[in-house]
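Note that subunit A is present in both complexes that follow, paired respectively with subunit B and with subunit C.
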Partner chain A sequence: MFALRRSLLSAGRIARPQQVARFSSASALLQHKAVKPAEKLSEVTGPESLIGTSAAPGTVPTDLEQETGLARLELLGKMDGIDIFDLGPVIRPQHSVKGTPDDPIWVPTYDNSRIVGCSGTPHGSHEVQWFHAGVDKVGRCDECGAVYRAYELGADEEAPHH
Partner chain B sequence: MSLKLNIQRWLFSTNAKDIAVLYFIFALFSAMIGTGLSAIIRLELANTGSPFLHGNTQAFNVVITAHAILMIFFFVMPALVGGFGNYLMPLMLGASDMAFARLNNISFWLLVPSLILILTSALVEAGAGTGWTVYFPLAGIQSHSGPAVDLAIFSLHLSGFSSLLGAINFITTFINMRTIGMKYENVPLFAWAVLFTAILLLLSLPVLAAGLTMGIFDRNFNTSFFEYAGGGDAVLYQHLFYWWNHPEVYILIIPGFGIISHAVSAIASKPVFGVQGMIYAMWSIGLLGFCVWSHHMFAVGLDSDTRAYFTSATMVIAVPTSIKIFSWLATLYGGTIRLNVTALFALGFIFLFTIGGLTGVVLANSALDIPFHDSYYVVAHFHYVLSMGAVFSIFCGWYLWSPKILGLHYNERLSHIHFWLMFIGVNVTFFPMHFLGLQGMPRRINDYPDAFIGWNQVASLGSIISIVASIVFIYVVYDQLTNGLHQGNKALDSQFKPSFMGTNLNVEGYTGPTLEWTVSTPPSLHAFNTPAVLY
Partner chain C sequence: MNLTLKKFQVHPFHLVAPSPWPILVSFSVMSIMLTLVFNMHGFMHNNYWVVFSAIVAIMTMALWFRDIISEATYLGDHTLAVRKGLNIGFILFVVSELFFFIAIFWAFFHSAMAPTIELGGVWPPVGIEAIGPSELPLLNTILLLCSGATLTWSHHALLGGNRFNTLLGLILTIALAVTFMICQYMEYSNAPFTISDGIFGSVFYFGTGFHGLHIIIGIIMLGVSLWRIYTYQLTNNHHVGYETSILYYHFVDVVWLFLYIVFYWWGT
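Now for the complex of A and B:
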C-alpha cells in the first residue's frame, strides 16, 4: 500500500500540471478500502483492487483482464491518458533556465543521490555529461556549469520546489 | 556461498553482468586452446620438410581449421559481444539488465556444447581438414568421410543460434531499455557498435546456416546442392558462405571500433570527435558490408563486369573506415594525452588496423587479387585486422574497463611489458607474411620450397614472442584477481585522474560522457536503483 501510494505520489510530482490535477483526485481515492477489482483508474483503492478480472473460460484473456499490480495500474492509467510512471521524455518547464547553486534544478530520487545527465540549456546544446546529484551535495556539469540537486521521494516533506 | 547458490548464480544466471563474466572466462579458455594450435602451425612452418607433424598434412589442415574457428567464434565474438557487450551495453543505456534476461542465459550456454562439438570434430576420425571456410566439395562426403565435418557444421549451427538469440536481445535492449530522457543521439558509441553488430548478425547468420544445412544434406541425405555430378554448383556454397562472412568480419571489428572510441576519448580527456559521423560510418560500413562479398571469390571465374563492381564496392568501404580513423586522430589532437596501457593498445590498434585496411584495399583490386588470392598476403591482411585490430581492442577494453568491472587493479608495469611483447611479437609474426605472399607462398600448406625458409623462421620466432606475451597477460589477470586490492582501487584514477578540466564539486568523482563510470565499483548486480535521468 505504502509503496503503491509513494509511486503514485512521486509520479504525480513530476507529471505535467494538468495531470497532477487529475492525479490528486485519483490518489485521494486511495484512502478508501474496497476489494472490488478496479476497471478504471478512478476505481483504484489500493493493491487489493489491482487484481485482474481474468477471462471467461475458453477465451484468451486481454491485457485488461489479466494484468495485475503495478502493471495494471499503469494500464488503467493509460486508459485515462495518464502516464503513471512518467516514462515520456523529461519535461522541465522550470528548467528552461540553467540551474545555479542558489536555484538548482531539482531531481527526484529514491536514494540520497541520482545519476543525472546534462545536455545543456536549452536541451541538447552540448555533449551529455553524466554525474551524481546528491541530496546533500549538488552535482555540477563540467560542460555548462548547470547545478542539479536531488530531493528524496517518499520523504514526509513536500518537494523543495514550488 | 553454498554450492547450491553458486550453481544458481552461475549456471542459471539471468544477470547480464554475471553472464558477461562467464563469456570472458569462456573466451579466455578458447583463446588459450586457439593459441596452442597457432603454436603448432608455426612450429610446423618453422622449417621445410614438415618438422613437427612429420608429413601429416591432414593433421595440419585440422589444426588450422580448429585454430580459426576457435579464435573467431569462441574467442573474439564471445569476448567482444558476449563479454563487453553484455556488461557495458545495459550500463551505458542506463538499463538494469538486458531486455530478455533468460534468453541471455541460453545464448551463453549454447556456446558450451558448440565448443565441445568443434573440439570433438578435431579429435574424431581424421578431423575436419576443410579450413574454416568449409568449402565444398572438399567438405563433401567423398573427401571427408566420417562424422568430423558434420560435427564441425553442427558446432557452427549452435554458435550461430547463440549469436542470433544474442542479436535479438541486443537490438531489443537498445531500442527499449534506454534510460529516461536518453534519445538515440545520446547513446554512447560502444552501444551503437553493439547494435550494428547485432543487426549484421541477424541478417547474415541465417544465410550461413542455410548453406551449412545444404552441406549437411549433401553429405548425408543424397542431395546435390554443391555437387556437379548431380547438377549442383560448388560456387553457390561460396556465395552463401561469403554473404555471411564479409559481414562477419565487421561483426568482429565493429565492437572493437566502439571500444577504441571510448578508450581514445578517455586517454585524451575529450569527447569523441564527430560522434554523429562515427555512428553513420558504422552504419554505412555495416550496410556496404552486405554488398561486397564476392571480393573473396575473384578467382572462381566471375565475369569482368561482376569483378569490376565488387572491386569498386569494396573500395567504397574504405571511406567510412577512414572517417573513423581520422575522427580518432582528431579526438587525440589537442587532448591532454595520458600514455597508459589503454592508450598504447588504442594507438597500436589505430596504427596496425590501418595497415590491415590498406592491404585489404590492395586485395580488393580483382586484377591484383588473382595472384594474391590464397597466398600468405591474405593471411597477413586478415591477421593485421584481426590479431592486431580485434584482439588489440579486446586488450584495450580489458585495461580500460576491467578495474571497473572487477573492482581490482592490474599491475601497470606488467601490463606495459605485455603490450610491448605483444606489439613486437605480432608484427614480427605477420609482417613477413606480406613478403611471403608477394613471393607466391600459398596459404594452408604445411611445407614449402627452401626459398621461403628465411621469413618463415622470422614469423615462427615472432609467434613465440606473442605466446610469451599471452602468458604475461594471463599472469596480469591472475595478479589482478589475487592482488588487485593491494594495487589500489584505481578504476577511475588510472583513466581519468588528474583531471585538469573538470570540477571536483560532485558527489562521486566522475563527470563525463558515459554512464558506466558513474555507478559503484564494481557495479552492483542491479546497478540503477533510481534510474538515471537525462535532462
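Now for the complex of A and C:
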C-alpha cells in the first residue's frame, strides 16, 4: 500500500507541475499518453517512458504492449540481448590483470561500501575471499592482493528509504 | 544508449515496502483460531466473533492481494527473478498441502488396514453403509477430469493469444467445479452416516471435506484469474497468478483421484 502511494508520489514528481495539476487522479496520470512507451532499450528516457499501453480490445495483451516499469526495462534489455541487471561476477576479460591501487576493479554500490568476493585473476584461481570495498577506502584481497573500489549509484536527489 | 543506471534499481528483486497487511492478517487468523476453539468448547455468543474474525481476514487478504496485483500489473515490480521466486514459493506451498493430504490418508489407512475389534474387525465398520464408487463419486470424477481438460485448453489459448477461447475454457472450468461442489453437497445431504458416526465418518468427512474446501479455494483463485484476464491484466507470457491457480487446481484434481480410489473404491 505504501509502495503504491510512494510510487504514485514519485510519478507525480517526474511529471511537470502543470501536468500534475491537470490530472485529477493517479490513474488519469498513468493513462496519460504524452510519452510514448519505449519499445526498444535505446528509446528509454526515464521511468515515464516505461509505462506500457493496453492491448487492442478482444486480443490477449503481449508483454511488449503491456509490461511496465522495471519489468519492461528488463524485457527491452532481453530483446536487445542485454541483461540490464548484470548479476554475474565482475570479470575483466579486456585486461586480465588484477586490480591495483591505480587501476582498481570498480564495484557499484548504493551505499558507501560493498562486500565483494574475490576469486582471483584469472577468475576462479583461488578460494573466494570476502571483504569490504569502500568508496573512499579500497578493499584488498588477502589472497592475491587485488584491489577493489566502490562507486555510488542511486538517484542523485533522493536517498533510498530502506 | 541514454540509459543510466542511476535512474533505475540495478537489481531485479522486489524489496517490499512497509505494509499494514501482514500483521492484520496474522491477528485476524489468530482470532479465527481462538474463536473457533472457544466455539468448540461451547462458549456462548461466540459465533459473532468467529464471523467477525473471518470477515476481517478475508477483507485484509483481498486488500493485500489488490496491492500485489497493483505492484505486478501497474508498477512493473515483478521482474523475471521476482516471478521465479513467486513460483517457487507457491510450489513449496503446494508441497505443504500435499503433506497435509498425506496425513489425512495416513489417518484413513491407519484405521482401515487393520480395523479394530470395536469396528467389528472389518472396513467399512459394521453398521456403516458406505458410498460406492459407481454412485455420485463417479460423476464427480468425470466432472473434475473434464474441468482439468478445459483448464488446460484455456491456458493454451492464453499462451496462443486467443482471448475468446481463454475466457470460454476458464468459465467452463469454473462451471464444472461448481457442479462438482453441488454434487458433493447432495452426497453429504443424502449420506447415511455423519461425521460423528465413529472413525469411518470422521476420516471420510475429514478427507472429502478438506478436499471440497480446496476446490472452493481453487474456484476463487480461478475466478480472480478470470477477472484479471477479462480486464486485460494478464499477458500471453506474464500471468503468474493464473499459472499458480492452474497448478493448485490440478493438484486438488489429483487429490480427488486418490480420494476416489481410496475412500470410495478400495475403502468400501
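Note that in this section the second predicted complex is superposed on the first by the 102 of 162 C-alpha atoms of A that agree within 3 Å, B and C clash if a C-alpha of one lies under 4 Å from a C-alpha of the other, contacts with A are read in each partner's own complex, and residues count from 1 in each chain.
Everything below uses one rule, namely that contacts are C-beta pairs under 8 Å (C-beta built on N, C-alpha and C of every residue); 3 or more make two chains touch, one makes a residue touch a chain.
Please read these numbers as outputs of a predicted model, since none were measured by experiment.
A.B. asks: So, A:Tyr148: does it touch subunit B (first), subunit C (second), both, or neither?
C.D. replies: So A:Tyr148 only meets subunit B here.
A.B. asks: Give one of first, second, both or neither to describe whether A:Pro61 is in contact with subunit B, with subunit C, with both, or with none.
C.D. replies: In the superposition, A:Pro61 touches subunit C alone.
A.B. asks: Is A:Ser42 touching anything from subunit B or subunit C once the two structures are fitted on A? First, second, both or neither.
C.D. replies: second
A.B. asks: Which partner does A:Leu50 contact after superposing on A: first (subunit B), second (subunit C), both, neither?
C.D. replies: The answer is second: A:Leu50 touches subunit C but not subunit B.
A.B. asks: Is A:Leu73 touching the first partner subunit B, the second partner subunit C, both, or neither of them?
C.D. replies: Only subunit C; A:Leu73 stays clear of subunit B.
A.B. asks: Just to be sure I follow: which residues of subunit A are touched by subunit B in one complex and then by subunit C in the other one?
C.D. replies: 86-87
A.B. asks: Given the complex with subunit B, which residues does subunit A contribute to the contact?
C.D. replies: 86-87, 89-90, 92, 95, 105, 107, 109-111, 113-119, 123-124, 127-134, 137-142, 148
A.B. asks: Mind listing the subunit A positions that touch subunit C in their complex?
C.D. replies: Residue positions touching the partner: 1-4, 6-7, 30, 41-42, 44-47, 50, 52, 54-55, 58-63, 65-74, 84-87, 108, 153-156, 162.
A.B. asks: In their complex, what parts of subunit C are in touch with subunit A?
C.D. replies: 1-3, 5-12, 15-21, 63, 67, 70-71, 73-81, 158, 161-164, 166, 229, 232, 234-238
A.B. asks: What residues on subunit B touch subunit A, complex-wise?
C.D. replies: Touch residues, subunit B against subunit A: 94, 180-183, 185-186, 271, 275, 501-503, 505-508, 510-515, 517-519, 528-530, 532-535.
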